[in-house]
């Protein structure tokens, strides 16, 4: 009897766990904190950039264009975030691969320029950040600083 | 004395000249204030929306998606802002015209749904706001509240 | 006397303030002068080109296609102007970077072919010019000649 | 002998004419005259518009945006000209048909708003004009005035 009850309770809890099937999410509060950290870093370096953040579904949750940033960065920041999200890796990895000879990768719908980083929580992707406005290396520095300052790296 | 007056007149005329050859702008600080006012209104009504703001050139300067907002609103908010900017009028005007029988206007590349408003300063367009997420009438209430709270209406 | 000085200082400070909150613009008169200079240079070299000019918001203000110009240049001239505007630099810079090995830049939505130049006034971007029709080096010569002849370079 | 020569010359010239198979064209000079006439009419009415002209192939040959014109008119003026060219008729005809109940026409890729007119020479279409910026009726007045002033209507 005891054994049956134990089995039953165990079954229910396993069932509940399996049924829950949730994913961690990136809400506006978290995105705002990440963007604030990015902006703070940019200001401290006197750099002007667009900050773009996607959520766990790869959909835009926040975009900010700092004064004086080149207009082209509005699209580039989003494209970097898109590539980082869609391939769960830094856009710099693709940049390095293409620079290293993998030119065929330019035929993929990716933006292979540093400045895009995926955002992970408990090893699950919950979004991405894309920075554009200064050199791509500087864009990358801002993206990394933003994730480190908010505990996502 | 004469010299000072001459300088004064010169200053004024330079000012006038500069004014004729320049246009007022919408920077990130102003856009943030408008977005904050929009978000405050949305929260007070328990509505979830995307807030999108374009600058004096019609280029995106800020976007925020409140938690729980339908994903389609990311694009719609930007399209409403685009239409309000490009035609210097509320998107509701187009909505009302089409509802009133001007069905031919649907062949134009516009988004004729309430929730988009142009932003004026000294009778010059300096940007626009687009809200999407709840009913279009409610979207419009948020857009108007945001501009009124920040002195742009 | 004191009053006049006060007024004067006030005028200047208002002027400065206005300047900070405004941006210089490229109107049709200026655009026409630039296009006329471009066309004059093209005629003097017996070259046929499309001349495309964007304003301070990146929006098309003028386009002219000289007789006999290849049709593809209608779009290319606009795309060169777009890239020059959006990234505040000559499209030749991107062309040279990619030729020099930065192949990953081809994954960005840019037109990296000489013939597009940003137009600056008081160190602020007020538009751009895009030329297409002959060789890209010749397109670049026309763009540069146009800006030099009109005092923008 | 004279008769034979005359016949021969006549034959050659008829043959040449038939063989030539040319079409009348709209060059930049004609397009400029039409645009000047449109702009003159607009100025006389204190209206701000975009003037767009396509050639005998339906390709853009000239575009001018008058100061203060709404940005959306850049695209609309071109779309009106495209519809007028592609269907060899005034865009007002489509507007009237849709207003009159032919709502199904909105599913066609046309811009059914007054302000677009085809340009004919010897009963052959050689291009089109599209005007946008004021009311569509006023846009139409400018388009018509431009073609009448230059002998194309």
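As written, the chain order gives the labels A, B, C and D, with residue 1 at the start of each chain.
Operating definition for what follows: a contact is a pair of C-beta atoms (placed from the backbone, for glycine too) under 8 Å apart; a residue touches a chain by one contact, two chains touch by 3 or more.
This one's a predicted model, so the numbers in the text were calculated from it and none came from an experiment.
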Hey, how far is the Cα centre of subunit A from the one of subunit D, in Å?
-> 50
If you average the CA atoms of subunit A and of subunit C, how many Å lie between those two points?
-> 35
Intercentroid distance (Cα basis), subunit B paired with subunit A, Å = 29
So which bits of subunit D are touching at least two other chains?
-> 71
Determine the shape of the graph in which chains are vertices and touching pairs are edges (line, ring, star, complete, other).
-> other
Would you mind giving me the full set of chain pairs in touch?
-> A-B, A-C, B-C, B-D, C-D
For subunit C, which residues are in contact with subunit D within the complex?
-> 27-29, 55, 57, 59-67, 71, 74
Residue ranges of subunit C touching subunit B (in the complex, touch as defined) = 1, 4-5, 7-8, 11-12, 14-15, 18-19, 21-25, 27, 55-59
Subunit D contacts subunit B in the complex at 70-73, 75-76, 79, 94-95, 98-99, 103, 106, 110-113
Spell out the part of subunit B that touches subunit D in their complex, as residue ranges.
-> 58, 83, 85-88, 101-110
